[in-house]
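Below, each structure is written out as structure tokens.
Look at the two complexes coming up: chain A is in both, with chain B in one and chain C in the other.
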Partner chain A sequence: MSTIAERAAIRRRIQAVGLWLATFLLMVIMCLPGLWVVLAAFRPNREILAKPPIWVPQQLTLNNFAKIFGFGSDQVGIPVLAYFTNSMVIAMTSTVIALVIGVGGGYAFARFRFRFKNGLFLGLMLFRAVPGIALSLPIFMLWSRIGLIDAQLGLIIVYVSLNVPFTIWLIDGFFRQIPISLSEAAQVDGCTRWQAFWKIEFPLARSGIAAAGVFAFLTSWNEFALASQLTRTTDSKTLPVGLMDFTAQFTIDWAGMCAMAVIIIVPALILTFLVQKHLISGLTFGGVKG
Partner chain B sequence: MASIMLKDVVKSYGKVRAVHGINLEIGHNEFVVLVGPSGCGKSTTLRMIAGLEDISGGEVLIGDRIVNDLPPRKRNISMVFQNYALYPHMSVRDNLGFGLKIAGQKPKVIAERVAEAADILGLSELLDRTPAELSGGQRQRVAMGRAIVRHPDAFLFDEPLSNLDAKLRGQMRAEIKKLHQTVRTTIVYVTHDQIEAMTLADRIVVMRGGHIEQVGTPMQVFNHPVNTFVAGFIGSPPMNQLPGHIEAGQVVLADQSRVPVPPRLAGKVREGQKVILGIRPDDISPQGHGLGMPEDAAQVATLDLRIALAEPLGMESLIYTTIAGQEVQAKLYGPRIVQPGEVLTFQVALARAHLFDAETTRSLEVL
Partner chain C sequence: MTPFLLLLPAILTMLFVVALPLIFSFYTSMTSYRLTRPETIEDFIWFRNYIRLFENPDFWRAFLRTIVFLAIALNAELLLGLGIALLINKITWGQRTLRTIMMFPMMFSPILVGFQFKFIFNDNIGILNNALQSLGLTTQAIPWLVDAKLAMFSIIFAEVWMSTSVFAILLLAGLFAMPRDPIEAAKVDGCNSWQVFRHITLPFLMPFVFIAMTIRSLDVARAYDIVAIMTGGGPAGRTELLWTMIARVGYDNARMGQANAMAYLSTILSIAFTYYFYTKLVAARRYMGGAE
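Now for the complex of A and B:
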């Protein structure tokens, strides 16, 4: 005898299984290429290129990493360390600058009334909508005139301008969520506006600022198209551009390329992990009702 | 502790005037309530006293200092906000001590003052919680505690109870009153709730459209409203207002029925003058069910009314009926149940009725 309650329970169960399956499929599609890259990084080139493909790794090795850093018997002439340093310096610096401007701009858009405010905001958003690659030629010509081709500073400027609209937009949203009365209460309590900002509003927007920072960092860290135009040598080449070094005229060193891809992925993963606590927490606005 | 004085205070936003040159003197340790409908300028006025809004014209004095150009932190006031504005990332203890810490007080002094305030408000158990872990009433108390630890010259309250449910509102109202009796300080309190105004205030300031309509003790404002707006705003349910005109010493209402002019106003009316007769629901009651009806027959009018609707409230009922074609509310005191359609003989306490000029809406009493 199947009662209505039983049938409802069965339907719920089918729905749950269906949802789980859909999620699983989606995750497989998203994660499998990444997994393959990571696996390939630890396998010899011979195994990667084997036909028919070897699905389950037979032997794992750290050789690929050793050789791109110039250790071991078969060295690869790619200055990974220099690329890594370039990437770090460029991504970090442009993120910090984009965050400083984003916090200032976001706060201004959230709190102050000024002329052309809406127009300015719309302009920033529109700028964000322009694909960066569309600007690559003008930027290239401009940079070549003023000598910023193949310079870290050149890329930093480009990445800051790429990131600023986004950081302003995101941080503006977070400041808007914080009631103005908190800053007012702090001012009545004896703070200057500046103190009220640093002691009350900034800590409360911290999660938003962290999120903006992660996004800005990842954008700069992963960017390839513009970097491939504007960099030439170890003076400024970043990791994604460096990946191209593994493709020679007739061969592609898949093992080395995958090892370097892992090196690119790991810092981004670590950063996201460190900051994810902030992304989730800090959003408890219990002090204010309404 | 200090007095607060407003001299011709104006607030404009561009071309729009929110406050039209108001004058008000708030005495040392006085509890003054600014009351009015939303948009009347009461909150703006309070925020100008706090320094959170610029003052467009006139002067604000706290004590004997003109504070127009002082930022909030230099005015030595504290404020309780409608949404409490507790700092969500700090414990109750840090919320309470924040102002003292900013002022550079020693940790020992801060701890003492926080303990003192927590004791007054019954927060001692909650000091280590964060605002998110508190109930509405507790948050309200923390907001008040944050105001009192600094021993300011004046407290400003901006609709502090409007986020609470009715029962809690009653409790907190009593606590605020108690607080004023323990920590004697000047208080300026903004609300749109006339019951809060009546129960808390030493003096009520009724505002409308950026003007002060009337200033007085709760009883003055209740018993002698200067115009029909104040009459309708203060008192619940509101005063019944019946239009009519004066003829031979009597008020002739819309349906030609006649009511004698209240004796105390006899000399103040003109023949033919258009007036509004104001009678509070408490002053219209079925015979034998009134409260404090005048003994003197000359002070009482008697008429038969049909009951349209009755709302029993236990020991009293609110009755809806019609006088001169207009719906009026009346009060029946006592546990008697009345039915719609029933006709009863009502008494009207003329001694306490009001007359307003229909054109200026001003009370004839003050003219």
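Now for the complex of A and C:
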């Protein structure tokens, strides 16, 4: 015999489990499209194209990856390795430069009062709002005059400017989470402001700065609109632009494209999971506490 | 002086890589510049490019389509994101895991999102049509990316899939930061859960909605990537957005003057959009007493 209280408890537990299941299902639906692409990357093309469809994979293979990297007999004429190197070099370099500029700017906004502070901050943000494809037109015209079309340097410069405003927004938020009294105490004890920054504030903001770096890296890594117009050959083409190579062919190599998609997404996945906590706190804190 | 020295590299970067090109773009938008005839860059025609745009029905169709696209996509993202955030906020076990899973679409490059849905919506081999046919819901292949209306739907679907999690993550952070006392007090006073949501939760969340909108407004043009790979603006220009039209006129047709005029309008549109939500954010912040 169960009492009324016990029955209410059971009903609440069932409700909780139901709620959890519903949310979990929602998440699965959210992830399914991505997972389907990842799965297809390990399946042979004929299984993907099969009619009637083969739902449960009969065989899993690494052939698609070997093919797009140019191993084995049946190669695909798409230089993925070169695209990967370009993407890495461009994204890394522009991230490092944007971080150096962003730490300076973020610190200035977090710790100083000066004229036009709000206007300057807003101005930086508004510059970031210019659509990539709209910005690509004048950049394309200017870069072709000074020989920066189809050069890694050309893209690096553009990506630095894309990343600076948002890096400043994030880093500004992280510095403001650190009590100003810590730096003041160090200065009373005889540190210069510069030393106090390096010995106290920078180490405390380090994980936040890393999160801002990951965000900048992903922006460069994933960018397409500008890269598609400013690059031409293996000298500077990045992975997202290279993905379009497949669609230019007469028949679409779905398995190859899926394999390339996996190559693009894996570094992004790893980096985001490493810093996700700081990323969320940076985005919200920087925005709410003006 | 120190803050300006610290900000100098940032200001210089933005001036040289964004402001200067924009000025050049404005000049070019008043010439009849064609890529194939370099000397035409000196052919100054004042505002004739803009006038031609306003007389061009194709431009207005793309313009209106972009506005409708953004209105539908952003509202759907906000509502879905809010729903997901409220759902996860109620869950006590495995909350962090769910939040991590939810961030999955955020890492996808827009070009990948476009490719992924091109693969899924493909009328011949796509999982969607395969599933519908296997379940016996339809006998023929539904042309998701070929029919104009369905193609627009597919593009909006991809866009919503990509960006809903931005809203969900930020609104969830807002719900986490929310004090419990006012809700308890309202419940004791006899408010039902709708009233609590309407009068306590929602006002508290508004700054977070504006943060999400401001962040989103910075990169709405990423939809260009999705359209470029999914349909390329087709069939017959029926999924053409302002951004794909800029690329087509400027690079494919080599009519740079005209394209720059369009790019300028789209830039003003984006900046106005960001400015609007940023001022809303500042106002909400002041209302919350968060301003220094």
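To be clear about the criterion, the second predicted complex is superposed on the first by the 247 of 290 C-alpha atoms of A that agree within 3 Å, B and C clash if a C-alpha of one lies under 4 Å from a C-alpha of the other, contacts with A are read in each partner's own complex, and residues count from 1 in each chain.
The definition used in the following text is that contacts are C-beta pairs under 8 Å (C-beta built on N, C-alpha and C of every residue); 3 or more make two chains touch, one makes a residue touch a chain.
Here the structure is a predicted model, which means the values were calculated and not measured.
Judged by the touch definition given at the top, the superposed model places A:212 against neither chain B nor chain C. Between chain B and chain C, it is C that contacts the larger number of residues in chain A.
In the superposition on chain A, no contact is made by A:171 with either chain B or chain C. When the shared chain is aligned, chain C comes close enough to touch A:40, but chain B does not. When the two structures are aligned on the shared chain, A:19 is found in touch with chain C, with no touch to chain B. Comparing the two interfaces of chain A, the one with chain B and the one with chain C have residues 284, 287-290 in common.
Chain B meets chain A in the complex at residues 50-52, 71-73, 77-79, 81-89, 95, 98-99, 102-103, 130-134, 136, 139, 146, 150, 163. Per the touch definition, chain C reaches chain A in the complex via residues 2-4, 6-7, 9-11, 13-14, 16-22, 24-25, 28, 84, 87-88, 90-94, 98, 100-112, 115-117, 119-120, 125, 127, 130, 134, 161, 164-165, 169-170, 173-174, 177, 207-208, 210-211, 214-215, 217-218, 220-222, 224-225, 228-229, 243, 246-247, 250-251, 256, 259-260, 263-264, 266-267, 270-271, 273-275, 278, 281-282, 285-286, 288, 290-292.
Those residues of chain A lying in contact with chain C across their complex are 16, 19-20, 22-24, 26-27, 30-31, 33-34, 36-37, 40, 48-49, 51-53, 55, 100-102, 104-105, 107-109, 112, 114, 117, 120, 122-135, 137-142, 157-158, 160-161, 164-166, 168, 218, 221-225, 228-229, 240, 243-244, 247, 254, 257-258, 261, 264-265, 268-269, 272-273, 276, 280-281, 283-284, 287-290.
Residues of chain A that touch chain B in their complex: 179, 181-182, 184-193, 195, 199-200, 203-204, 282, 284-290.
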